[in-house]
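Letters A, B, C and D mark the chains as written, and numbering starts fresh at 1 in each.
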Amino acid sequence: MTFSFPYSIGLHDSDAAGVVFFASLIRICHQAYEAFMESVGFGLGKIIQERRFGLPVAHVEGDFKQVMRVGDKVEIRLRVAHLGRSSFRVEYEVMLNNTVAATAATVHVCVNPETYASMELPPELRTKLKSKN
Amino acid sequence: MTFSFPYSIGLHDSDAAGVVFFASLIRICHQAYEAFMESVGFGLGKIIQERRFGLPVAHVEGDFKQVMRVGDKVEIRLRVAHLGRSSFRVEYEVMLNNTVAATAATVHVCVNPETYASMELPPELRTKLKSKN
Amino acid sequence: MTFSFPYSIGLHDSDAAGVVFFASLIRICHQAYEAFMESVGFGLGKIIQERRFGLPVAHVEGDFKQVMRVGDKVEIRLRVAHLGRSSFRVEYEVMLNNTVAATAATVHVCVNPETYASMELPPELRTKLKSKN
Amino acid sequence: MTFSFPYSIGLHDSDAAGVVFFASLIRICHQAYEAFMESVGFGLGKIIQERRFGLPVAHVEGDFKQVMRVGDKVEIRLRVAHLGRSSFRVEYEVMLNNTVAATAATVHVCVNPETYASMELPPELRTKLKSKN
């Protein structure tokens, strides 16, 4: 995997069953995606402010194999698994104690930020994403 | 209290200690505020889209007296406790089984949505808020 | 679809792109699932407190077709789409203005709440879920 | 201030007004508290699992002075501002570009994790907290 994001499971990630709430884990993967995008010069804050394009999530999937608890130190490994003309797929592995505790994927579509009509990925972003898959 | 908002405590509101996470309760009070604002014709979605003014939270406080658990049916009672020229204070009581399980307050400041400079509350909003305090 | 859950999109569900954050939508579907489970006599709070079994999410997927904004009134329609020996799949449609704005699914596995070993669904829960698929 | 916690504002922390959602900022301060507690040997995961005592938040307050946006790098500085027999107060400063963008405080009460009756802070925790105020 191309990019690594360390994370410490917090109380706000957990629920009354005593473990990580599944939707929190999806959000944590997205935090890894945000760190990745920033690392290639396309931080989401900048993308939102420039309003040249948007990259909403069109699809998400996740598989949860192992329980995670408050205080667990995990590592999210991600890579760009598919790069299309106007979309790309990011895949995640959540590692706990050298085991894959969960996997996830998000598909991001490049859109006009006003109309949400699909558009081609900007070439400079494509180049960056290509180098990471 | 002027406005009542029913809420069922959800799994995502809880944490691994088995009870409601305190910041979730603050968010639940804000959901009551949103329902209240919509009831007086100033839904936050509309305010954000019209961009005539913003009402960010400048201050929050909360006191948590009783434990709440997943599935608990609570009622949030709110009122406009103070109405200034460019700000107002909303107070909340979270009722569980006819007891005040928590109290909270938010202070909202009316600002220019671009510059965040303070501005006077629009008269039509002031009138609505006045009728509720 | 078997069960209907009304929801008003809140500020805390949205993000700086101006629309619903995708992971919030997954959480909203889970809120619909919680209301459904309670309606068949298996509220999650009760399940967690009794500690006879747990129903963690083992898989999630979601497809986001249309933008949703703060104040939008949506309806989540859900049904039990598959009922196995020790798991079941719930499918969701998020309706906005009579259009399917998003779909999602969660797979829940019945486990021993201490060991997280898979176990058969309790017969009385199975009967309830069967009547809803 | 005694303890410093760096944080990068994420998309999930923001709302449709384009800035950080106030309840997210409270949660971020709590993440700093969790990191602090872990640094003194009392990580919340451990406290929850050992069930010797609990430290629920009995009071929270926050003042938001400056807007924060997605991608902003903030630093949360915290200190133990008051140390009582069975409670303690933690104060937070959220720094953005060398300015105090927000302040917050939480009061934690030491309780029996079953009954939620107040109890004295364990001496070894008191010693750790004392060294940090």
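What we mean here is this: a residue touches a chain if its C-beta (ideal position, glycine included) is under 8 Å from a C-beta of that chain, and two chains touch if they have at least 3 such contacts.
Values in this document were obtained by computation on a predicted structure and should not be read as measured data.
S.K.: With contacts counted as defined, which of the two, A-C or B-C, has more C-beta pairs across the interface?
M.R.: Between B-C and A-C, contacts are more numerous in A-C.
S.K.: Which chain's mean C-alpha position is the greatest distance from chain D's?
M.R.: When every chain centre is compared against chain D, the largest gap points to C.
S.K.: Counting in whole Å, what is the centre-to-centre distance of chain A and chain C, each centre being its mean C-alpha position?
M.R.: About 22 Å separates the centre of chain A from that of chain C.
S.K.: Taking each chain's centre as the mean position of its Cα atoms, how many Å separate chain C from chain D?
M.R.: It comes to 31 Å between the two C-alpha centres.
S.K.: Round to the nearest whole Å and give the separation of the Cα centres of chain B and chain C.
M.R.: Using C-alpha averages as centres, the distance is 27 Å.
S.K.: Can you list every residue of chain D that touches 2 or more other chains, as numbers and ranges?
M.R.: Within chain D, the residues that touch at least two other chains are 11-12, 16-19, 23, 27, 30, 45, 48, 69-70.
S.K.: How about chain D: which of its residues touch chain B in the complex?
M.R.: Residues in contact with chain B: 16-17, 19, 22-23, 26-27, 30, 45, 48, 54, 56-65, 67, 106, 113, 116.
S.K.: In the complex, go through chain A and note every residue touching chain D.
M.R.: My answer: residues 8-12, 18, 27, 30-31, 34-35, 38, 43-46, 48-49, 69-72.
S.K.: Tell me, which parts of chain D touch chain C in their complex?
M.R.: Contact set of chain D toward chain C: 11-12, 14-19, 21, 23, 69-70.
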